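A, B, C, D and E label the chains in the order they appear, each numbered from 1.
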Amino acid sequence: MSAPASAAATELGTSLKTSSGKTFGRRARLAFYNRTFKAICVVCAVFVCIILFSILFLMGRTGILTFEYVSPMEFFFSTEWVPENEQYGAFVFIFGTFALTALTMLIAMPISILIAVFLAEVTPPWLRAMLRPVLDLLVGIPSVVYGFLGMTLLIPLLRDVTGTTMGDGLLAAAIVLTIMVLPTISRISDDAITAVPKKYRDASYALGGTRFQTTFKVVLPAARSGIMYAGILGMARAIGETMAVVMVIGNTPQLANSLLKPTSVLTSNIVMQIANVPFDSTWNYALYLMGFLLLVISLLMIVLIRFMQRKGVQR
Amino acid sequence: ASKLSGKIVINGSSALLPLTLQAAKEFKKANPKVKISASAAGSITGPQSVRKGIADIGAVDWDASQDVPGFKKFEGQVAHKVAVIPFAAVVNKGVGVDNLTTKQLQDIFSGKVKNWKEVGGSDASIVVVNRAFGSGTRVNFQMKALDGADFMSKGDNYKEVKSSGDMKTAVETTPNAIGYMDLVYVTSKMKALKINDVAPTEANVINGKYKVWGYGYYMTKGQPTGATKAFIEYIQSKTFQNGSLKKLKFIPISAMK
Amino acid sequence: MQAPAHTQALIEIDKLNLYYGTFHALKNVSMEIPEKAITAFIGPSGCGKSTLLRTLNRMNDMIAGTRIEGKIAIGGADIYSKEVDVETLRKKVGMVFQQPNPFPKSIYDNVAYGPRLHGITSRKQLDEIVETSLRSAALWEEVKDYLKRSALSLSGGQQQRLCIARALAVEPDVLLMDEATSALDPISTLKIEELAQELKDRYTIVMVTHNMHQAARVSNQTVFFLNGEVVEYAETEKLFSTPRDQRTEDYISGRFG
Amino acid sequence: MSAGIQKSPFVSSRKSGNRLKNNLFTGLVWTVGICTIIFIVGLLFLILEKGMPKLSLDFLLGLPDEIMEGGGIGPALFNSFYVLIISLVISIPLGMAAGIYLAEFAPDNKFIGFLRVCVEGLASVPSIIFGLFGIVLFVEAFDIGLTIIGGAVSLAFLNLPVLTRVTEEAIRAVPQEMKHASFALGGTHLQTIRRVLIPVALNGIITGICLVAGRAFGESAVIILTAGVTTSGVMWDFNLLSPGETLAVHLWYVQSEAIVPDAVEIAEKSAAVLVFIVLLINLLFRIPLWLNARKMR
Amino acid sequence: MQAPAHTQALIEIDKLNLYYGTFHALKNVSMEIPEKAITAFIGPSGCGKSTLLRTLNRMNDMIAGTRIEGKIAIGGADIYSKEVDVETLRKKVGMVFQQPNPFPKSIYDNVAYGPRLHGITSRKQLDEIVETSLRSAALWEEVKDYLKRSALSLSGGQQQRLCIARALAVEPDVLLMDEATSALDPISTLKIEELAQELKDRYTIVMVTHNMHQAARVSNQTVFFLNGEVVEYAETEKLFSTPRDQRTEDYISGRFG
């Protein structure tokens, strides 16, 4: 069926094969680079995993020893944290961590998204170019400075406004954390919103949509996955932040049934105590277990957010 | 310069850190080949790091070769006194009380007394600021000012702080607050209390009237050798004790009988 | 240049100049666009067809650095005057773009988007609008059972008809189509051309097209642009059979460039 | 004139609804935006105002002092840069390569999805735990004591997860058409990544690097545990095995334990220097973006 | 079905089946594509034209879940065999996409991209290639003064011509064009068609088009697809004048669908 191929065609055919052609050296080199690069990427990814799992292992290995002395029931559900008396109930901290994270996200998300909308949709370009680096700057302010400002400015302010005697507690911590995660969430959301194709906006404006409608009905839903991811990173930062939280939360192991009552969360309790307890004590094991738990909790929250997101898309 | 060389790692109490840093600076000037790195987390970290072999000297605010409340002794470690540290109970400037008895202090820090008017002040809730468990300052204060009585651990007007600096800030900025700290940290923005009518002054410590003080220790694994030994000798020397140590407002060990 | 004697003019453009920064994109454009008829804009790439189209519903407001001189009146009202509400203008002057751009929502939500913007919330009313609009856009039969499916799962031709349905759902008076069929296969194109023919009884349609056959087939009036200027505008038959300008003739006979 | 449309048909009849909401929304966004600007400027002013005027070269380059007033932050400042640069040199290539793997090479299966969640989770691990990990690795296993290299590597680990995920997201956001165009021209995967994907994703990646660099510069807990609270006491000490107190640690130390009479002033000045330098770092990382944008004129 | 008696075959496709997951997109496709001639693929939307085109330079390797059976040989070499270097294949078999997809780089860098990939770094050589390619794509005159400007600032039509220039810059032997002119105005289209006519003396061209006039005007051989099957392939004149299959006749006379 096939007609005999011309000389040029045959030459083309043979040049396709790796083992021929005068550019062979270069092609082989490129192919080698390509393979090497992929291998490097794999190695790096594996390396990141190794760090991840070593940390999990480090915390898990020590943490699990807790259960030789303390029943899981007590650890997870008791509110009595008096290690001097061999009472290791971590419920207060677990609850505090959830409450603090939720409260922080509740304050930080709307504000961050508005800032992101401000940056991506509303501001003139020159202001945008100035604001982005300045916002990033907030990340670089050391947590001790935030903590110090929280202690010396925010808490007295809260005391004056609310009339409590102390002012330390979840609210103060959530406000400080909000400021700390604001740039992370708003800058990444900003990028996500900017990446929404212009054609969606055009379509909405052409139908007579106002900016408000276009932003809320088209742009934000289209950027949802990026905003969610910004939220996750922000939340991760909020969960893991220690130095500033420790200075404003009060560090008292009691259940936070009020926003203005000194309490404690997993991270703050870990930093307060981990340098001050004997290495081979149940107390130390319990602190490691709390570190492990922290990671588990943030993984759970991330999975939950992703799950909600996926459900959102299906509709 | 001396021929001494080697590496000294110091870890432990943060309250002794300024002292260690200053001594290290001077020691390195005389012995440029010696490397000294210091870090601080909490007193207990000192002897623990020594035991693990990751530090040569463990700075600690109590004698870790003996049992103290909450902590077992560390076998095989030698304690070297390096300084005398006085402690003071302090209150916010606005508190109208100047003097408390040991009993009153115990009641306040255990949460039995909740209002300043019960100890002679105005009608206001007492805010208790405490150091976290494991702090050398806390161990000393508990042993010497509270006679070993327990602290409270919960309460609406109770909080714990992580360092002397945080304690300072908290007492300065919180109305009706009470706390305690090394005498050297006391500033003019707070008030140091008399305890049992004795003012916390250096003179009262030396003449034995003021009881709330302790030694700062360096722990080593067995008897120290080489650079470590030389460093400890330097810090205990008259030159350092009567020079820089005094300037840092610690009290030389030789002053105590 | 002279307007073709046709029906009443709905849109009057008078000495319009448009600048993108310093670039003079539309030069002294004047024309009248008749009501309930199809007007086609033709001309080589970059001659300003899309630009003029966008001035009619003020979509160019959103392009920074755009400056406009001259006047555009729709139904006698100057659409660049202060008192004009841009959203209402855009509701009355619908637009379909070159690339189909359905929202990443369901088919139903795409069509209902416009009516919802303008305050219609009743489910029944929306259902009705969605059905009517999809029928008008000749898409109803194909999608009526999949209204909840993502609009992005439709083929290109279906997506474009969906965009037309979406534009019709807000009941515009004018429909602007910017090369709305250039991304489509002949069958979809044919459907959309037929659709345009039907719609012109009720709407005023302005379409930009690259396809001269399409302009000849579909439109009542044709405007030929070159470098931002109107070279010729006339009834379609006249323009294609006896063009007055040499450049027009060159262009439509493909001898151009 | 048309009979179908009356005079001035575009003055909205529903004056209240949409317009009002839109104006409210625009107002709200502007308010939040302006409040943010005021807040940030206020915060910066608060931090810079106290410290900035008192800054001097002596302070920036001088050695710290425990007893006398007038100590400097020279070695700590130097260490800050040194540690930051080393940690970035380690974490940027590692994080980007891992991110590229996740975005470009990784199969789309459950395990990789799980991994992605884990990496995000790792971003939430408190820095103190990375510090403990650093101790286990460098002080206990390698037995090199408290060193610059130990601190820098631990810091790099801390930043890896964020960098990895930011890179992955940025590269995923690059339109497929770009990738296809490059492949269709005979580009290898590596060439496509290097010449198209990374340049196009650069904006996002730089955002990530700025966030991470700022955090690294201000981080104290990790450094205290792995690099110590001392410096070698001399300026320009490049030895990787020297103790590596950074400026943020110095700030923490001065604020929480130091006895020097001018501790408050040193803290204020250090904070000002830190913030100022973070600003500089931000600008520095943006230069490639600006150049890029300029080239496109 | 029978191959048109024509010139020598460069590309031989033999019993090709392609599946997207479980969807059977190409069904038992066999054909020969002659060297140095233009072959047009026509057929309704979704019939598999783009899919077949993509198999020719293995761009479908990148679509997960694609499975191929059968054989494609170019110049006698089986392009799906192990020893074929995909990058070289894609260099030799250039492609232009339906949507213009310039890189967000300058015009110059867009065109120089391919040559740079393949190791050309000399500025002079690149300048030359860029100019020649842009001239070939009928874009040089319009952009020669703006080579440093972003390619994204060009109009859609210009962008597509830029993409053609970019493909030509690597000097392919085969050029695949997937509806490459559907976004162009008639003049540019004409230019590209003329260009194709010129290029076919040196290149083998395969073009997908929706425009039957274009296929009739330009191509030497035309293949008509329906639902993933080749219904008819023949010399263009023959196919358009005397189609053998009823479905072909329906389609080309517009009576289809």
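We adopt the following convention: a contact is a pair of C-beta atoms (placed from the backbone, for glycine too) under 8 Å apart; a residue touches a chain by one contact, two chains touch by 3 or more.
Note that the structure is a prediction, hence the values are computed from the model and not measured.
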item: Reference subunit C; chain at largest CA-centroid distance; value: B
item: Between subunit A and subunit E, centroid-to-centroid distance (C-alpha), Å; value: 46
item: Intercentroid distance (Cα basis), subunit B paired with subunit A, Å; value: 38
item: Centre distance in Å when subunit C and subunit D are each reduced to the mean of their C-alpha atoms; value: 48
item: Whole-Å gap between the CA centroids of subunit B and subunit C; value: 81
item: Overlap residues in subunit B, where contacts from two or more other chains coincide; value: 41, 52, 162, 166
item: Per-residue overlap in subunit D, given as positions that touch at least 2 other chains; value: 18-19, 188, 191, 255-256
item: Junction residues of subunit A, two or more chains touched; value: 30-31, 148, 210, 213, 271
item: Pairs of chains found to touch, sorted by chain label; value: A-B, A-C, A-D, A-E, B-D, C-D, C-E, D-E
item: Of subunit E, residues touching subunit C in the complex; value: 44-46, 98-99, 142, 155-158, 182-191, 210-213, 254, 256-257
item: Complex contact set, residues of subunit A against subunit E; value: 1-6, 8-19, 21, 23, 26-27, 30-31
item: Sites on subunit C touched by subunit D in the complex; value: 8-10, 35, 74-77, 79, 83-89, 92, 117-119, 173
item: For the subunit A and subunit B complex, residues of the former touching the latter; value: 82-84, 148, 151-152, 155-156, 159, 165-166, 168, 246-247, 250-254, 261-262, 271-273, 275-279
item: Interface residues, subunit B side, partner subunit D - complex; value: 7, 9, 14-15, 17-19, 21-22, 24-25, 28, 35-41, 52, 54, 162-166, 184-185, 244, 247-249
